[in-house]
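Take a look at the structures below.
Two complexes, one shared chain (chain A), two partners (chain B, chain C).
And then the complex of A and B:
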């Protein structure tokens, strides 16, 4: 294992690395089998599951569901038959590029988001714990997932791109580092090129020592200033290693072609986001990455027919290439889990503006990890309504229960070998591989 | 919640650098400032309290001179009290007031300008040829969307100055306005746009047409869709869209910023003038600056019939020109107080609020969350499985009723205000909530009028019992209820101001204002141990609940001052 860990960097293991010139990004890549990796990808705005993970037959009519087929371009009209974990089902045409990853796919349908308000739903899928109003409760899912690793082994163990990150109860060293857009990774790892005058620095050091003496006794664990120093040291090491070069995606024509990136400076492009996520693992910087993969999905008007399928397909295409890259060194994703979610779904009926509004019955996508492959859950065929689901078979059952995100979160955590206690519910044990 | 490391680290570093760089650094050393005091404590050191106050009241750290003044004071407590008064009297507190309420109102129109320009009057630029045009009117002017003007000076006009075609194209696609396969092509003219008069731009002649009447003598206006009407003098009837257009983008952003800032200005004026905080939700006053004034002058004021040409109904508010006189379109700095119609309710009917919260339910939800401290939360075990034949009325549907029993009456206060990202008001003189609107009773199973489908119950947006009972009614009229005690219809007619007209509602606002500000200043949740204190503070704010209009009640600045002199604040670090 030759990933450059924080510990290694501190010891000067790569002390000569600073002399490396800006070469091909491959020079910066970690080698060997991956440590455990987790990716959380958020689709902002509320996705239309009928065009994606929970489609319907365009050839028939439904009591309380309108497929909208007549408004869609031909390429978005017809779902795709697939087999997931031995189960035959259909997925929406926007997910076409993901067909090659069905062998590592676990699809949760009919998840009750319990809200149709954006901020509440966003808070919910951030932590997978019911928020207090619009205020998130608990730790971000990405933070929880990072907890299973040694934070000392990573420079940026828990990265968050375009999403808030929370750490309420875990080791402060796991607290997420947040950037607004994927392209800011370049800025994060670039030397600032400015040092303070010696006298000012001395005063600062004195001030820091004085502050420490004041608050030391109040803390049981690591002191805030130690954490600050640790964060600085980690970033300094990454800068000296010139890892920022790995995030200049435009310098890698092969990567640009693989992801279909037109403008490497477009931090909102799902392909740029996905490639950046891949690079965070390939450089060994992170073990958990959360990112907003796509935005602008809140299509209430007639733009739904054109924008929603296009935007979903862009994101799923990028996801498919990301999965290709993650499977290069972990073919069955045994050490890797990728989860996709949105704050809620969109209404089964088309509204008066030829768009779709907010709907609570949602889907969650998971690739890899120690999960049983297949389709868990279902929605009412005629209305996309919620159903009670048997937690063992994953099929509708009157004695079952409506599945909340907490239950999925607990399952995902358990599948990574972590304690799901924080969710105050039990995992879907039958769905752990 | 623990914030991310980076901002905290950065903030700490900045503060320390600022401190260390000062010649007074030795005296202002943190150990001196803090003494041996660590949080939590009720004995804050004056210098630390000065810094805390300055950040909370003015949004910045104290100057070195201010710190020195406190160090030199014979009576630091008295000096600090004096400095606190100065802070509240200074201009920076006004900005603090606005920014605090920006957090409550979530004011942002970043992606919402489309609703304010109606789409069919939005100017775009052909970047390759640097020619401006109205994309949504290409078909109307020329016969088909595929054609734009030629990049040659336009030379043919009628006697009154309307551009005539420079040439014609025979093409089967040219069918708009019964053209019979012939498209009209224009050239370009140079125009000094209202947003940047010193720098003329090249505009397609049909789009730049500044003659104010049609050939039949009817007046052109912002709402006119005739092929004979253009953007008017200096393009005044059109709005530049966001598309990398230099000064055009600058104006679009200024308009966006103006509408965003309007509700915050309104709140700030109420606070700084010592008026009742309830005015924030009741007053007819508001504020406009230059870009917004231009918008009201030339881009607003459709009547109901004109509004029906598009679902993206432009704001129909009319402001008398005398109230806007002298405010140039480019003047972003001058803000003028104006009076709106009686239907208005403080910030709750500003475009910044109505567009940001696009549905009546979202508007009610934000108000309840921010100003009643009572967010709508489903039952803890979640929405149950769908029942057989679920009722369309959400107040009756299993699992939905928890919230919608209260949410629907709350949302009905905005029933007359349009939604879906547009801004407008259905005047009672035009639209009844008890009778169907005749033009939107769409027989035969389809309704082809976008306006009706957007705002009225039609076969395109409804079915079943809802369609049977409410076809042609405003969508917001569906499932309204009334009994002896309460009437949703009354809420519709009174509007959002009715959310603060009952004693219990006023009290909720008072308690919530205290709670929100306390949690903001103290950095913690107000919990059960604070309830008595909360009640006392609310009493001080609302005059014990029975003196709403008495002097000194609902004075939000006074509330702020009380909270930063309370012992709870002294224990905050």
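And then the complex of A and C:
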């Protein structure tokens, strides 16, 4: 098994710390070419793609789709025309702040989630592999992506905020570190409560170095003592670098203003989540970060008209600022990929409670990475139904196929230069840049 | 396979450090049915007895895999060992791997930095309160059971340390066992000729308690 090297860790750490002190724009100068980075952002509850990545013309009526325009505030009624990779299209009004990032955007529409059950869909977008019932199968996408870098160069190579992380088949060093909420990063990096006097702590550290375990080297699994030693070494390195302050977002008025953060202690605020994700890269702590960016999107009732567009816009606004920060040192996101997803979409028709229910025809957003920019796929204009898509052109075709998340996962992995074997399907080669 | 052989293998696997995991297999009895309380008697086979359900071989690695305590197991074990409850447990239970059965349905058992961090926080908090409670009570306590913070005699310190190894790790160590030495250093090492004050001795016992509550053998089974 991989052993954790404190020297390697410090190398990555020192670069990150130096970059942080100089601000995001100086990150490139401090570290040279940026490390490969991956971000997976989850929208919990099932997002309404009609208000976001797969909108319709509000001036038209559709056979089996209700835009719900009459229930929406004026600011959420009109889609925005954009050009993505040379293709003209429209995006929902909640994505307005992302218009400045269309040059690094790849939009996958008409992805078949094959489920309208929350746990199944969550498991699916966690690993991008079809789950067994509600049980995730395979490794989290973030874990797979972390495999593309040297995990020993990072304290927290694979970080997960507010969502589960799985590592079934990869190096234990890639196993995700999970915290419940973004604000717990501070708790993770700063000792809580009373601490031992320094001299006594040093004696305890010595005792730990001499620790013996019941389980010796003849055991054929991962040795618990090695695992605890590795975890303690990472913890010691993190605490010694005194990075807790970097995650005390309230102490950085510029950051608060950039992200529009009102309460830095609100771990559920997408802006706090996004700023924390950015800090994980700026401090050099992580190479792959998965996070629940927004929750509470499961709007079945009349709250849909007010809450859904507001919550989507909050998340997309935070994402736009995160992309600004990531592009400060990697302008075309050549070494950075950001993926956004939800477990499924919401129905094209408005239900009897003036809300929308669960719908399997979904969209996946990708920014950066070695992907061809543009719009891949399409849904039935009149009904938000699924279509067969030609894997080369990305346009509807009778000889094409309905795209599943596995195909997208394989493409994302291949775009990061990794082996997509785990997905048991081939990438969309024509969409690799 | 004979029930006695299975029972023997199970007992072997449950012995703490004395029957190290990974030891070569225990020599098998040559006669089925030979075991304690049944010297040499051949087994009585009831032809009408139901066929035993196979439960796998004793070599099955899944059955012998070392596991990390779950979040709840850790919390409860710490309560039992120190007599104190970690008040922040609910706040960090999810980070320690407790499923919410809505989004997460499996127990997190990774020995991650998060686990190391919050286990350390919990141990420092509960151990300190346990020692403070012991000192306040005046009677033999949970941590200071056979020694007081005023004691400096190595034999007394080691006796209480052996008790703590048994309490936290289930290991009954003989006097002078090498596993005791790093912890004896915590209790006895001085950087000058000056005697340790009682408060300094309290901190030493506090560190010993934290060391045992975060010991690999406390956190795994």
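Just so it is clear, the second predicted complex is superposed on the first by the 370 of 433 C-alpha atoms of A that agree within 3 Å, B and C clash if a C-alpha of one lies under 4 Å from a C-alpha of the other, contacts with A are read in each partner's own complex, and residues count from 1 in each chain.
Everything that follows uses one rule, which is that a contact is a pair of C-beta atoms (placed from the backbone, for glycine too) under 8 Å apart; a residue touches a chain by one contact, two chains touch by 3 or more.
Remember, it's a predicted structure, so these values are computed and weren't measured experimentally.
In the superposition on chain A, A:351 makes contact with chain B only, while chain C stays out of contact range. Of the two partner chains, both chain B and chain C are touched by A:196. Looking at the shared chain after the overlay, A:221 reaches chain C, while chain B stays out of its contact range.
Of the two partner chains placed by superposition, A:268 touches none, neither chain B nor chain C. In the superposition on chain A, contact of A:206 is made with both chain B and chain C. When the two complexes are overlaid on their common chain A, residue A:232 makes contact with chain B and with chain C alike.
When the two complexes are overlaid on their common chain A, residue A:388 makes contact with chain B while staying clear of chain C. Applying the stated contact rule after C-alpha superposition, one finds that A:148 touches neither chain B nor chain C.
Once chain A of one complex is fitted onto chain A of the other, the partner contacts of A:58 are absent, as it touches neither chain B nor chain C.
In the superposition on chain A, the residues of chain A contacted by chain B and by chain C overlap at 134, 167, 175-178, 196, 200, 203-204, 206-208, 210-211, 213-215, 217-218, 227-228, 231-232. In the complex of the two chains, the chain C residues touching chain A come out as 16-17, 20-23, 61, 65-66, 68, 88, 92, 94-95, 97, 102-106, 108, 110-118, 120-121, 124-125, 128, 171, 178-179, 181-183, 185-186, 189, 191, 203-204, 206-207, 210-211, 214-217, 219-220.
Residue ranges of chain B in contact with chain A, taken from their complex: 1-2, 4-6, 8-9, 12, 16-17, 19-21, 25, 29-31, 34, 36-39, 111, 311, 358, 362, 365, 369, 375-378, 380, 382-386, 390, 420-421, 450, 452-456, 458, 460-461, 475. Contacts from chain A toward chain B in the complex involve residues 112, 114-115, 117, 130, 133-134, 136, 160, 165-168, 172, 175-178, 196, 200, 203-204, 206-208, 210-211, 213-215, 217-218, 227-228, 231-232, 296, 300-301, 349, 351-354, 360, 380, 383, 385-388, 402, 404. Against chain C, the residues of chain A that register as touching in their complex are 44, 119, 122, 134-135, 155-156, 163-164, 167, 175-180, 184, 187-188, 191-197, 199-201, 203-204, 206-208, 210-221, 224-225, 227-228, 230-232, 234-235, 238.
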